[in-house]
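Sharing a structure, written as C-alpha cells. Questions coming.
Chain naming follows the written order as A, B, C and D, and within any one chain the residues start at number 1.
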Amino acid sequence: MAMTGVLRPGHAQLRVLDIEESIAFYTDVLGLKAAGRDAQGRAYFKAWDEHDHASVILRQADHAGLDFFGFKVLDVATLDLLEKGLQAQGVKTERIPAGELMATGERVRFTVPTGHTLELYAHKERVGNGLGLVNPDAWPDDLKGMAVTRMDHCLLYGPDIDGTRSILEKALDFALVERVKLEDGETDLAIWLTTSTKAHDIAFVRHGEPGKLHHLAFKLDTWEQVLRAADIMSKNKVAIDIGPTRHGVTRGLTIYFFDPSGNRLETFCGGYDWYPDMDTIKWTWDEVGKGIFYHARQLNDRFLSVVS
Amino acid sequence: MAMTGVLRPGHAQLRVLDIEESIAFYTDVLGLKAAGRDAQGRAYFKAWDEHDHASVILRQADHAGLDFFGFKVLDVATLDLLEKGLQAQGVKTERIPAGELMATGERVRFTVPTGHTLELYAHKERVGNGLGLVNPDAWPDDLKGMAVTRMDHCLLYGPDIDGTRSILEKALDFALVERVKLEDGETDLAIWLTTSTKAHDIAFVRHGEPGKLHHLAFKLDTWEQVLRAADIMSKNKVAIDIGPTRHGVTRGLTIYFFDPSGNRLETFCGGYDWYPDMDTIKWTWDEVGKGIFYHARQLNDRFLSVVS
Amino acid sequence: MAMTGVLRPGHAQLRVLDIEESIAFYTDVLGLKAAGRDAQGRAYFKAWDEHDHASVILRQADHAGLDFFGFKVLDVATLDLLEKGLQAQGVKTERIPAGELMATGERVRFTVPTGHTLELYAHKERVGNGLGLVNPDAWPDDLKGMAVTRMDHCLLYGPDIDGTRSILEKALDFALVERVKLEDGETDLAIWLTTSTKAHDIAFVRHGEPGKLHHLAFKLDTWEQVLRAADIMSKNKVAIDIGPTRHGVTRGLTIYFFDPSGNRLETFCGGYDWYPDMDTIKWTWDEVGKGIFYHARQLNDRFLSVVS
Amino acid sequence: MAMTGVLRPGHAQLRVLDIEESIAFYTDVLGLKAAGRDAQGRAYFKAWDEHDHASVILRQADHAGLDFFGFKVLDVATLDLLEKGLQAQGVKTERIPAGELMATGERVRFTVPTGHTLELYAHKERVGNGLGLVNPDAWPDDLKGMAVTRMDHCLLYGPDIDGTRSILEKALDFALVERVKLEDGETDLAIWLTTSTKAHDIAFVRHGEPGKLHHLAFKLDTWEQVLRAADIMSKNKVAIDIGPTRHGVTRGLTIYFFDPSGNRLETFCGGYDWYPDMDTIKWTWDEVGKGIFYHARQLNDRFLSVVS
C-alpha cells in the first residue's frame, strides 16, 4: 500500500480553564460533535467528516496549552516498528495502556526536543462520519457552527526544532515540505512537515520556551466556509487573531482565533498536495511576512509571541 | 516515508484526429502548457501546478482513445520491485527504454484484463510549477483557459474489471475506495481505486469492449473554477456531456465534456481524502444514478455507452 | 427619490395539492419562515432577508399553479396613480380590501392578456429580517434548508405576451431587459422585464394556454449556495428539472426544481444590474438554447412544455 | 419608470503623482480598460462591465486625491430639474460644457459642505461592455488583473456631513441607508447614501479637513474574486490596508489598498439590495469597530486618519 507508516494526526489533548464553557464553544461554535466524557472528566469530540471516535480531548487545568498530540499509524506491527525506530534515534518511549483514552488502543508516547509530547497509536474505535457506507449523501444534516471537517495539524513552538525534525524524519519518515530561514540564511525559524500528501501534518517554530502550542488547525472545504467561520466568530464574539487571509506557506486560506482559554485555533481550507518527489520550499527572512501572511506581507507581534 | 510505492498518475497518451487542432484546444481552452514535440510528432503538455515535464501526450491517429496511462513510482528500486510484483501476479511486463517519451526514464509497461495499457516509471524531468522554490507566489501569472492544475485520474471501460482490480491491489497496493454494484448485488459495475490519499487515482466500469476510455480528468481548485470552466466551454462551443454537478461517488464537483476528437474529459474539484483505514463505500444498483450524478439522480445513456 | 413607482415583486399565491406536506417543504427544504395562516387555511411565508410580513402564500387546491403575483409600490398615492394608468390602457382593475391577505393593505388587482392575475399594493406589515436595525449581524442564526434570501421573480406562460408587455411598460413603467426571438426574427418568444435595477422582476414566454406558471424564483447569495441547494434537493429527493447551470439570459446561476405539487421553483444567484439607459439584449432563435441554458446550449422539452 | 432621477455614480477624476505608472497600475493590476487620453493629458478608463465611455479619469498632479465625482442622471430634462433643485437648496451650480470630459455631455457641477466637488450629467457615449447586444456571452475573453466589473461608489471625508446629506436627500432624492453614531448617540460619524437599490452609492465620514477622499470602490462578483484580487495585490507588491474581510455596514466583502499615489481603493463584492421602504440601520459608537470591520471588530488608526 502506498500510504503506510504514520497516517495522519489523530488526536490532540488541550488544556482549558473552564470545561463546561469550552464544551459549549467546541460544539456550538467550532461545530465539533461531542463523543463522550471519561472518568477523569475529560471531554471528547470529533469533527463531522472524521471516522474515528474522537480527535480533540479537552482537560480542565489552570493554564491553557497542549498536553499531547497523537498520530494514527497503519497497524500494530507498524506501531512496534516505529517505536523501535524512535528508540534507535535515542528517543525514550513509553507505552500508555489501551483505554486510557476512550476508544483508543495502546499508545507509544515520547517527548521531542522542542519539549512536546507526541504519541503514536494504531487503534481507535471507528464510528463513521454519519453518512454510512452504502449510498452515502454528500454531507450530513445536523451540522452546527463552523462545522469543521477534521482536526488537521498543529503548529508548535519550542527551542530545538532541528532535533525534533531529525526524529520525525529519521524515525517516522516525515518529510520537510517548507521552511523559513532566519536572517543568517542558515538557521530554520520554522519548518512544516508532512507524513502524507498534505502540505503539513505538523509544524514547528523556534522559540525560547519549550512545549508551547501556537495553534491547532481544523479543516474547512472552501474559502466561503472560511468566511462563514469568520462571521460565526464575530456573531459569537470570538477573539480573532488574523484573517481571513492566505498563507504564503502551503497557500492555505485561513483564520486564526482563540478558544475561551486562550488556545489559538485555526480554520482553513486549501493548500497544495505534496508528493515525496517534491522539493522543499524555502522562505527567506526578508520575505517571511509574505510567507506567513501572504496578503498583509508582514508578521504581527502576536504571531511570534502569543502561545499557550 | 509514509507515501511509498506508486505515487500518482503521471502521464496519459491520448489519440487525437487532428493534432494541430488538438494542440490549440489543450493549450487555449483546457489551459495546459505546451512541453514540446518529439520526433514522432507527439505533442507534450503539463498542467501548471505539476512539477514534472509532461502529463498529457497527444498522438495523431485515425480514431480517438487512450494509448496508455502511466503512474510515477517512488524510485528505481520501487520500479524493479513492483515489476516483480506484477510478474508474480502472472502479468507480463515490458520495458520501454528511457527517452522513448521525452524527459522520461525507463518504463514498465503491462496490459490489464480490461484491455488497457498501463505503465510505471520512476523518473521524469522536474521542471517545476513556474513558482520557484524560494518565496513562491500562490499562483503564476500566465494562466490560460480553464487553467486546470493537474492531470488527476482516468475512468476506463473494459470487460474484466475484477481481474484488473486484483492486479492493482495485489501487485501495486492500490485500494478500493468506492464501488457500484449491479442488480445482483454481487457483481461490481464500477470500481474506484486509489494509490494515495485521493478518493481515486484510477477507476473502471464493466463494459463489453476492452481498452476503452471513458474520461481523463483534470483538477481545479474550486466550484467557482468549475463554473468558469463551463463558461469557457460555452464560449468555445465545446460539447458538454453533463455538469456542472456533483458526483455521489467521491463527492467531487464536475463537468464532463469532449475534446475535438471525441475523447471525454473532466474538470472537477473536491472529493474527500482517503486513508488506508477507511472502509469501501458501496453504491447499490437502485441508487447508481445518485452515485454517478448526485443532483440528477439518474444516469444518462451517454455515460454508459459513449467511450473512445 | 430615484426608485419610485413599482418597487419589487412582493407576494405570490401558489396552489398546492396538500397544504401540510407543502408547509413542510417550503419551510424545511426551501427554508422559508412560516408567517401565519389565515381563516381560509392559506399558509404564509417569508424569506429570511425580506422585511415584509410574507412573500409566499400557499392555498390548497386540486391543481397546482399561480393564483396571483403582486408588486409592492412606493405608497398609496402611487397605487392610485398606477391604477389610473392601468385604466388608461384599457385594463379593468379591482380593489381587494385591506386584510384579505394577512398584514396587507388594499390591493389593485388586474388581469393581463397572458391570462395572469397581477396585483399592486402599497402596504404590508414590516416585520424586519431578524437582524434588527441597530448594529445588525450579517445573517441570522436560525436558517434552515436552502435558506433562500428572497422571493425574486416569476416566469409566466401565456398567449399574448405582447399585450402584457405593453401594459407593464406603458402603465407601470417596466422596461424590457432581454428578449428571445422566434424563427421569424420578429416575434418575441420570451421577454424579461424589470421595474428596478434587477435584470428581471417578471418574465413571460409565449404559450398556447393562458395563465400558466413556469417558475417562481428565490434568490441565493452565491454559486456555492446554489450547489448547497442542489445537494439539499438530492438529500430530500426533490425532483430537479435542470442545474446547477448558468442562464445566458441575465447571466444568472440557477437550479430549477419542483415543489411536491409540481410547481416549478428556481433558486439562483447572480445576474447583472440593470439601469434605464441600457439597451435591450436580444437572443436569436438559433441561439435560444444558449440563452436559456448557457452550458448545455439546448432547450429540453420540459422547459417549453411543463407548466402549472 | 421606477428608476428615475440620479441613476448611479458615473465617473471619478483622481489625482495621481505619475500618470504613466498609474496607467500601468489601473490597467494591468486593477484591470480597467484604457479609454483614451485627452488634450490635457488626462487618462480615461472603464471597467469591463460598464457600458459608458469611461468611469475613471486620472490627472497628473503633485498630490493625490479626488478632483470630482459625477453621477449620471436619466436624461437632460432630469439634469435641468435637478439643477433647479440644487439651487432651491441654496447650492451654487456651474455648467461644464459638453466635451470637456471626453465623450461626455454637459455637466452640472457643485460643491457640497464637506468640500467635495460633485457633478451630474445626462450623456456619456455608450460603448458597450464588449459582449454585444445579441446572444452575448457571460463575460469577455480579454480580462486582465483584478478585472473589476464597475466603479461603484466612494467614501469621502469632510467636516459638515449633515449639510452634504441634506443636499443629497432634498435636492437629489438620495436616501440614508446606514449611519454610525458618535459617542453622544446623536451626531453622525458616518453616513451611507443611495440613489438606487445599492446599499451605497456614496458615503461620508466626519473629518476636520474638507474635500478628502477615503476610498474609491470597484465591484467584483464574488468572494473568490476578492481573494484573487488580494493575491494579485501581493504578487504586485500593492500596499494592502485591510482585508479580505467583511464590513458590518452593508455586509460587503472587501479589501482596501492603495494606488501608487496613495489613493485608497477598494475592491468588494456583496451587500444587500436597498428599497425605499427600508429603514435606516444605525451603528452605535461602541460597535463602530464591528460596523466597519465585521471580523476584526475594531477600527485601525489608518481607517480614520489616512485620506488623500
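Observations on the model:
The criterion applied here is as follows: contacts are C-beta pairs under 8 Å (C-beta built on N, C-alpha and C of every residue); 3 or more make two chains touch, one makes a residue touch a chain.
The shown structure was predicted, so the numbers you read here are calculated from the model rather than taken from an experiment.
Between B-C and C-D, more C-beta contact pairs join the chains of C-D. Comparing mean CA positions across the assembly, the chain most remote from chain C is A.
Taking each chain's centre as the average of its CA atoms, chain B and chain D sit 48 Å apart. The mean-CA centres of chain B and chain C are about 43 angstrom from one another, to the nearest whole unit.
Chain D has its Cα centroid 31 Å from the Cα centroid of chain C.
Counting partners per residue, chain B has 137-138, 222-224, 231, 234, 246, 290, 294 as the residues that reach two or more other chains.
Under the stated contact rule, the graph of chain-to-chain touches is complete, every pair of chains being in contact. The touching residues of chain B, counted against chain A in their complex, run 1-8, 49, 51, 72, 74, 126, 133-138, 173-175, 195-198, 221-223, 246, 248, 251, 270, 272-273, 275-284, 287, 290-291, 294. Across the complex, chain B meets chain C through its residues 223-224, 227, 230-231, 233-234, 237, 240, 243-246, 253, 255, 290, 294-297. Chain D contributes residues 137-139, 141, 222, 224, 231, 234-235 to its touches with chain B in the complex.
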